[in-house]
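Some structures to go through are shown next.
One chain, chain A, appears in both complexes that follow, with chain B as partner in the first and chain C in the second.
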Partner chain A sequence: MEGSQNEDRQCWRCGAGVGTGLVCPGCEAPQPPPDGDLFAVLGLPRRLAVDGEDLERRYHAASRALHPDRHQTAEPHARQLSERASAALNRAYRTLRDPVARGRYWLELHGNPLHRENKEIPPALATDVFETQEKLEELRTKATPALHDEVRHVHDALVARLVGLEAELSRLYAGANGNGMVDELKRRLSEIAYLRTLLGDIEAALGEVSGAHSRH
Partner chain B sequence: MERIVGIDLGTTNSLVAVLEDGGPRVLVDPETGAHLLPSAVAFLADGEMVVGARARELAPDHPFETILSVKRFMGLGFEHVSDDDRRRYRFAEGREGVVRFAVGGRAVTPPEVSAHILRELKRWAECALGDTVAKAVITVPAYFNDSQRQATKDAGRLAGLEVLRLVNEPTAAALAYGLDRADEGTVAVYDLGGGTFDVSILKLRGGIFEVLATNGDTRLGGDDLDGRLAEVVLAELPSVRARARAAAERAKRDLSAAERTEVVLDLPEVGRHARAPITRSDFERLIRDIVQRTVVPCRQALKDAGIDPRDIREVVAVGGSTRVPLVRRLMAEIFGRPPLVDIDPDEVVALGAGIQAGILSGGRRDMLLLDVVPLSLGIETMGGVFTRLIDRNTTIPASVKETFTTAVDGQTVVDVHVLQGERELAADNRSLARFKIPIAPMPAGVPRLEVTFLVDANGILSVAASDLRTGLERSVEVKPSYGLTEDEMERMLEESIDHAEDDVRERQLREARVETDVILGATRQSLVAHGRLLAAGERERIDAAVSALDAARAGEDYVAIRDAIESLSQTTEPFARRIMDESLQEALGNRRLEEL
Partner chain C sequence: MAYSEKVLDHYSNPRNVGSFAKDEPNVGTGVVGAPECGDVMKLQLKISDDGVVEDARFKTFGCGSAIASSSYVTELVKGKTVDEVMKIKNSEIVHELSLPPVKIHCSVLAEDGIKAAIADWKRRRTTDTKAAS
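Let's turn to the complex of A and B:
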């Protein structure tokens, strides 16, 4: 495990050794979140492959010990720490449970962040993107039920595509072993991110149209 | 041990509950035994203030002095008040800041009105538990924003309650249902109350209640159904708005069980009732579009939770309005299964609040709620853009750090405008507060200010700042957009303490006088009926004690009245024992006769 400065951490209340623990094994006092990364908060190594069931078990166990509801009757400092550390725990779980957020975070940790502002269309999606945008444009000008159905069809096809890309990402994570795959990881993450945004646009357009219909 | 109570501060009714060994229990009105306290407060011309059932009865004759549905105004500003609100309530002058009602010759804020309701519930709880109550869990609609939550917390403080936790109503309801079901799985809670609508999707696992997503509408509820039906009546009789709403509400209730009923409007001025027949399908036609407004929040919550309706194991119905058959049909349609209704939808939130109070006091270590922030939180950035810092449905507590610097040379304060909502432009979202952080003057871009935004387990935001160059903490001055400042709170707290003493004295006096009347009546009756049992000189002693009590009753000192009552009881005690003995003997004698 990383973060050697964590190993000799002591409980602020009773002085017992706490290591990377979120609460003191002796007196149950909440501890400041361990230094280092979000993986460490959940007691995990910095690895892209994460077992979802195991992650949830760790999160629930840590929440049971750390949540402010558990420290309501404690002194103000303990209550404050419980709030701060719970917030860190919640952020760690939110980031690590989603494969895309986890991948982005992993890239960040390795000094190779994926820029959110990257608006370039991933080459593998180019054809689909242009076709979809054409259809959406058409839909905005003349909202016929037939066109609406067609866009809905495109939407469903893209959802299937997204599911496929996410499955590929999991396979990539399972075989991941270091920096050799950074470029591939970046490519896959951009594709998924782009596809998610596109699906959001389509859903908004479909929502608008169906709203307009019901008003007629 | 100090008891923590759970309070459901509802739009229409409020309740208080505690967790006991056998489970949660709703505490009742010590005088009437009622479970529900109508959330009504009347401010009468003579300065008298009435809370609860009597206040609701006063509403038709005092429409502007009686505040009903105050919850709809919690955490709101004047600009959020609708034309319909202006017809139903009278507001104090003012264009900005927190909304104020003009009642009883003064301006009263919604937290002050709610505090009267909370104080009455506190009294119920104290009578039921035989101990003072100073700590509470209060429920709020899941979709309440930061200002509305803060206003609720302020109301608690004004009522003399330390609010340990604000719990979301649908989550509380899930807790009440989850208590007797060791279930695992995903559940939906559909909560249509008197004035607010919430939907929450929760995952239950091993005693952990994890909210996946929540959505709703804080201006949609049973009030709107009543209003729609009242409009029909009002079309013919525009002068009786409050009475028409009451008549509509009664008819709505009838139609939950019956296929047809009559809207009956009392018209004492003309000495008759106006009646209009209505069928359930007429009513459903009138309200369909209102009920339909709950569909989009449900779909959005399911989508945000990433849950297909087919994967929902149970649907829980909460709030009185889920008794309306059309609402139940719609729930079944959205979630693909009929709703669970086995806990009274009016009580389920309070019972859950009672359980959460038990969790906080360490009584239920097996259960834990993980709730979420209902609306995205962010700040206003260059060009009036809303920059999200914490997304909606993020589990709380949640925190995020942002680094700020200055735009102008020598700038001495950094102004952070925090808003809540889902729109792209700052102006389209709800302003929560402005935070001012002082900094030492330096060239533009040099200062490095780290600001931590923390949403606590109540869903309430706080802001802390530190100077990254010096590592020193920086003070933050908070100016809430639609809330009470700390100074205003202090002033109100002082006032409420003064009034609380007056209130207590007034109530004690009233109670002592009532008790006097009861004991004097009983004494006089006994003297007439059992005069022959009096010993020598006893009559004179009793008469003296009676006159002393009479004199005390005419005074204003309730302690003197209590003393006089005590002294009369002592004087009459031997006489009372003789009466008791005699009636006992009579009873025994009668039985012996019967047995013979």
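Let's turn to the complex of A and C:
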């Protein structure tokens, strides 16, 4: 069923088969972007594992083919389509090049978005968040050098933990892509989201503190 | 995006921030999160033996709307029975704080927080009763 509605598409101008292409291989007319699937916009199957270099190549080739300079003398319909296709292309590229955004999008495509039935935070993770946030509150009220160092240390450990989680995500993507891994995918993407938010708060707190020092 | 006046009021002046000791009798604790934005909320209710919410505390780490939603809901539940609290819908929070569509999930988080706290209170009460008998 995947992408079947896109497979037999024909060029609106010359009638050649265009598949999921954004530009007709025959007459180079821009085509309406494939419906409801950002993977198809880049001509990719709906798979979590994406080859980064291949993605770049596809994006740049399609960008060149859709470049406004190539269509400025075309009929208004073609110009309008080149803009629509470019917008879809940019959105697809931004979403699919980032493994976390790609995973979230894949879940949406499979009708099971990240937030559905997903309110519970693993207790150990919740403890990490609350303990760190308490340290940040303390840091905001009395910024001793020792506390600052301690928070800096938590920051560095968190960055390393996120790097590890993102590596795990790639390994997960390289394996199965079936419904069986949805729960695991949701668990990891959620953990990344909570840790990224925490990291943002830590950086803001450290920034505020060093900012306060530099003003004196 | 501009916050409504009520959001700003609860955000800059949050009510009932803090926590009760988790092992305090009659306290139910709900810890919930919104994985789409990484917000985390702890909401605690102190409930009398006859099932009336006497007091509430929260700690929320997230955006202004999430903090305002939790602050508002801790005010809303006080004096209500457990059954009344279970009937609270996130739409009341959306309406009261004039939350825009992109912030509706913050009100859902607050609703989930109070419900998780009540569930925890019920669970602990059953265990206590069993332990006592």
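Going forward, the second predicted complex is superposed on the first by the 201 of 216 C-alpha atoms of A that agree within 3 Å, B and C clash if a C-alpha of one lies under 4 Å from a C-alpha of the other, contacts with A are read in each partner's own complex, and residues count from 1 in each chain.
Basically, a contact is a pair of C-beta atoms (placed from the backbone, for glycine too) under 8 Å apart; a residue touches a chain by one contact, two chains touch by 3 or more.
Model, not experiment: these values are computed from the prediction.
Student: For A:Arg91, select first, second, both or neither according to whether it touches chain B, chain C, the two together, or no partner.
Tutor: A:Arg91 sits against chain B, while chain C stays out of touch.
Student: Let me test your reading of the model: by the given contact rule, A:His67 touches which partner, first (chain B), second (chain C), both or neither?
Tutor: A:His67 sits against chain B, while chain C stays out of touch.
Student: Which partner does A:Glu83 reach: the first (chain B), the second (chain C), both, or neither?
Tutor: So A:Glu83 only meets chain B here.
Student: Touching chain B and also chain C: which chain A residues?
Tutor: Touching chain B and chain C on chain A: no residues.
Student: In their shared complex, at which residues does chain B touch chain A?
Tutor: Chain B reaches chain A through residues 164-165, 205-206, 208, 356, 359-362, 365, 368-370, 394-399, 454, 456-457.
Student: Could you please specify the touching residues of chain A with respect to chain B in the complex?
Tutor: 56, 60, 63-64, 67-70, 72-73, 83-84, 86-88, 90-91, 93-94
Student: Taking the touch rule as given, give the residues of chain C at its contact with chain A in the complex, in rising order.
Tutor: Interface residues on the chain C side: 31-40, 42, 59, 61-62, 105, 109, 112, 116.
Student: In their shared complex, at which residues does chain A touch chain C?
Tutor: 104, 113-115, 118-121, 123, 126, 129-130, 133, 186, 189-190, 193-198, 201
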